[in-house]
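For reference, chains read A, B and C in written order, and residue numbers begin at 1 within each chain.
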Amino acid sequence: MNFARMKKRTAAIAALAAIAVTMTAGQASAEVTTESAFVFNTFAFLVHGVLVMFMAAGFAMLESGLVRSKNTATICLKNIALYSVAGIMFYLIGYNIMYVGVPEGGWMGTFSLFYNPGADELALINADEATAEMVAKVADTGYSVASDWFFQMVFVATAASIVSGTVAERIKFWPFIIFVVVLSAIIYPVQASWVWGGGWLAAMGFSDFAGSTLVHSTGGWAALTGAIILGARKGKYGSDGSIRALPGANIPLATLGTFILWFGWFGFNGGSQLALGSALDAAAMSIVYVNTNLAAAAGVVVAMILAQLIYKKVDVSLALNGAIGGLVAITAGPDLQNHFFAMIVGGIGGALVVFAVPIIDKMKIDDVVGAISAHLVAGIWGTLAVGIFGSGSIVTQAIGIVAIGVFVSVASAIVWMILKVTIGIRVSEEDEELGLDRAECGMEAYPEFGKGSQTL
Amino acid sequence: MNFARMKKRTAAIAALAAIAVTMTAGQASAEVTTESAFVFNTFAFLVHGVLVMFMAAGFAMLESGLVRSKNTATICLKNIALYSVAGIMFYLIGYNIMYVGVPEGGWMGTFSLFYNPGADELALINADEATAEMVAKVADTGYSVASDWFFQMVFVATAASIVSGTVAERIKFWPFIIFVVVLSAIIYPVQASWVWGGGWLAAMGFSDFAGSTLVHSTGGWAALTGAIILGARKGKYGSDGSIRALPGANIPLATLGTFILWFGWFGFNGGSQLALGSALDAAAMSIVYVNTNLAAAAGVVVAMILAQLIYKKVDVSLALNGAIGGLVAITAGPDLQNHFFAMIVGGIGGALVVFAVPIIDKMKIDDVVGAISAHLVAGIWGTLAVGIFGSGSIVTQAIGIVAIGVFVSVASAIVWMILKVTIGIRVSEEDEELGLDRAECGMEAYPEFGKGSQTL
Amino acid sequence: MNFARMKKRTAAIAALAAIAVTMTAGQASAEVTTESAFVFNTFAFLVHGVLVMFMAAGFAMLESGLVRSKNTATICLKNIALYSVAGIMFYLIGYNIMYVGVPEGGWMGTFSLFYNPGADELALINADEATAEMVAKVADTGYSVASDWFFQMVFVATAASIVSGTVAERIKFWPFIIFVVVLSAIIYPVQASWVWGGGWLAAMGFSDFAGSTLVHSTGGWAALTGAIILGARKGKYGSDGSIRALPGANIPLATLGTFILWFGWFGFNGGSQLALGSALDAAAMSIVYVNTNLAAAAGVVVAMILAQLIYKKVDVSLALNGAIGGLVAITAGPDLQNHFFAMIVGGIGGALVVFAVPIIDKMKIDDVVGAISAHLVAGIWGTLAVGIFGSGSIVTQAIGIVAIGVFVSVASAIVWMILKVTIGIRVSEEDEELGLDRAECGMEAYPEFGKGSQTL
């Protein structure tokens, strides 16, 4: 298997094997022991998982900053709700579909409920006295089952976070939550099983290190279909073809959100090395960190320069989305061995965002925060870039992009349409005018400030 | 000893012993070495301690978002002040009362000043050439003295943070700080010594893994007595029994604060495993992470569903407090070996918050941010739940809850009353009307926004 | 070599040597193996580097909170731009000037482009089967090349962040970015090579553990020269000598920023131990964490008490700057072996800020956020304090302070002057009045709030 996420695990196991061999040769004391490797790998999952978890706060702040104040409390609610729901659904059935019992080259794992700690781990924890055999049995597995679950869970939540920004300011709360249920329980796990679960795309050699396609484009396709089926916000597009800017209410929060995403992305990409228990893994992980940072930085700089050239002003929201575009682009291949290539990949990611935002607007697809440009467009580019700068084949990369794009789009469209014709997905015109905060959330985000204030 | 926090340390030491045994058997090279275990344990304290430290920012943002704009700068000041004061007092005398020289089954440790690095560690650091014996002497202790102090210190600060939110918008600044001095120097350390110091409640078998009772209920009792003695905010309760909502000024900040708390809670609960230097500890810590996340998620979902059923709208502040209720509830027993039980514990924690908030309001106890519901009520539930789902006895758990509740309430009430009759604890009616920011803090939080603005 | 940053690396290598010796003696199994030490050291660089990276968000929020709303989007933009640009320039040439080929006792390293992963690491990563020799070759280097680059890079960004706050609200965007290019590519690396690169100040025995002088004073000098050459904001100083307060628009964001800085500072100082792979390093790192926290806490408490005594009110911005002053002061010597001395160093740092802020204002040097007081003045104090409480010589410390101060000031002044006479550094009076957000950034930070709002 030569696709990134699994390859690395294989590498880690190979390293363990190498140690075993070495130990026989009597040089063991210079190496990482099996149990130390277990601790390193497990702790890396936990630390990196926590960083990715915090990206939920990043999305919440980014979106809070880019919606209008009358819809801000609602977007806060959606963000904490979706993070919660995604985790629960991934626990209930998602993880099993994605990882458990995926046939080699297959299309999905098993439908089974819940996912609990490994029996050997519990036996070790519950033993009155742990024997060396019990320790070895656990240590040989490479990492704790629960730490892996935790790390994978936060990725599902990220995919769901991408959707909420695009469809903000006019979607009903509960239908949105139901969509997140299906996305995190079924749609995300099925397509992710094709690659990270060892399914058919993995067998073809499709490579997506940390999820430019599996996480970011998946979120992006779900957002795109949602935006189309939902329609644009009232007043966004004039009948004369004009496009009206509906500026976000709180730019510092959007900036904070972007910084939090950048911060968390070291966990997203660095943790996707999937192992820390050897010099090889530690060195490879370090390269991933550096590439991640340089790609994001290049995304910002390129977006700023283009904004200056095109618009004669540097729009801060383009700089922020440039960072995200750079980060998304490098996510499929942050293990590039020349850092300069990472800058190129990220810089192009930033440029694509600058060009994609007005194009999507001209297509009258109303993406409140620019998530389709930053996550879907840059995600496609980053996945292709693995075929250019990395070890992947560009044809295989393209096949994976199309296959996952078609599956996620069709599946999402079906869910959005069913919701639309049953309980409805869009708030009434009056509620949209009034703002979702008063209509759905029962409170205002900033009751003392601004034009929407009750108390002024 | 079968209470959580100490048991785990015992487990870690047992694991070290197991290694020693194994080494004799010539299989040492597969195990974590004593010095590596020291590094793992120490680094886990540092990393998790930093996460808990950041919870101070979480409380600051949560409270900043839930007070009115005229009191926002003051709540910011109180939060950075209390974190600072709590750390200094814990250094000056608190840690020694809590941990140093607590008689087995006793009631408190020693009154002695300061707490400095261990002599063996300093000898190792200062040696021109470290000998294997010097290294072994340090490594055998299991973890660095300073890392443990750091990790315990941030827990005191958390208890103090809980108080500030409840008594906001009408308490004087310096009396509040004096209360924090006593709380962190004496009240918190004394009751914590009963359990984590190895005192009488520990001897009885009372179990509180990371502090549902020791940290959260303690903060909650101190807040409750403060709220009663201080009285409600002007205009909160009408003479006709009516309750007036005084909505917070900045919901995105409250949301951010909740996400930061959730993020930090992985350090709070995960770090309370107290060791990382073995496969057993790494596996147990991973289970704690997963349970912590699922409990919080269940708290959010249950709170949202109840809010929809009861109020027909999903109040975002209930969802946020649902997360906190879930987190507090799981804190006494995040080592549950079936993740589903963690969801039940957290979900009930979220439900209790939804029901407790209006009840406390009907009792005319004015809790500005809902901290009594989220920290005290959910903390009691979580501590009892250890007797239901975990290994504890529900009777012993109840004894611990009552003993600590009585001690903290009485001690806090005495301090609040002394402050009230001497320097006074409540600002004047004019200052309350004007807002604490202008009255006490000398500046406004948002001078350009809203109705309180000088510059409009 | 007896200067802090290098000494620690020497200590780490000494520890490795000690292990090698021990192994010969047949006791190897109790020690950290060479490869485990490599993983510990590398992971410590990554984790601490990520914490320091997040300080960029801290500066962004601190500055966003302390400028007026009409300049807030621009300061957000500057902060994400400077972090990006600093990282790219440090990659392009800065790191090589600072670290590569600095002659012992010399004045700078090499002018060479780019910095890529180590050849041995790539060989290991790319090997079909890793041999024990390949692993050993990498493990013997102590840490991954890329992890070290990442950790050093985030320090440059911090120096650049300090400048942006001081010169806010009147500097043009692109000239500021050009200054950051020169600062991070040349000025910072040259002076840092004198100490951390092993240059002439290191040879003299100048000691600066994590950069009170090298990072914070360097940023401070660059900010000071910028503020003088740029001039004060319109309306800040009356012709009659009066000083007008221009209060920041969002105090909770400034508070959040300070907490984020505090959080990140554990990475800044703790990571500057530069190694984690031994009990010695883990114990030393723990002491650094505790001292860092106590110094900051003392800075807050001293600043609050002084504010109460002098102004009869506790200004929250003084408390925040007290924390930063305490943190900056301890940064040169956070390895003090008596925690009480750390409190004294930090407390004096906090006091200096309280006194320096009005003095700098009387000199009509317009420092929007107080960065000169908190970073330059407290940085000088902290560097001298190493000669008082630590192992350094106060004369040598003073020589280093002056040498770096003169170099950075002169170099910065030259750059600022060239920018001033060529493309200009200051916006027009009309643009300053209108606000930089509309003039340069093309959008408003808070379009729905406050007096600057378009939509009111």
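In the analysis below, a residue touches a chain if its C-beta (ideal position, glycine included) is under 8 Å from a C-beta of that chain, and two chains touch if they have at least 3 such contacts.
Computed from a prediction, not measured in an experiment: that's the story for all the values here.
Bringing chain B onto chain C by least-squares fit of CA atoms involves turning it by 120°, to the nearest 5. Where chain A touches chain C, the two copies mostly use different residue numbers: shared numbers make up under half of all numbers in play.
Separating the centre of chain A from that of chain C, both taken as means of CA atoms, is a distance of 31 Å. For chain B, the set of residues touching two or more other chains reads 29, 31, 33, 36, 47, 250, 256, 446, 449-450.
By the touch criterion stated above, chain B contacts chain C in their complex at residues 23, 28-29, 31, 33-36, 38-39, 42-43, 45-47, 49-50, 53-54, 56-57, 60-61, 64-65, 72-74, 76-77, 79-81, 83-85, 87-88, 91, 114-118, 121-122, 124-126, 129-132, 135-136, 138-139, 144-147, 149-150, 153, 173-174, 250, 253, 256, 440-450, 453, 455-456. By the touch criterion stated above, chain C contacts chain B in their complex at residues 14-15, 18, 21-22, 25, 27, 29-33, 36, 40, 44, 47, 51, 68-69, 247-252, 254-256, 258-260, 262-263, 266, 270, 276-287, 289-290, 293-294, 296-298, 300-301, 304, 308, 311, 313-317, 319-320, 323, 337-340, 343, 446, 449-452.
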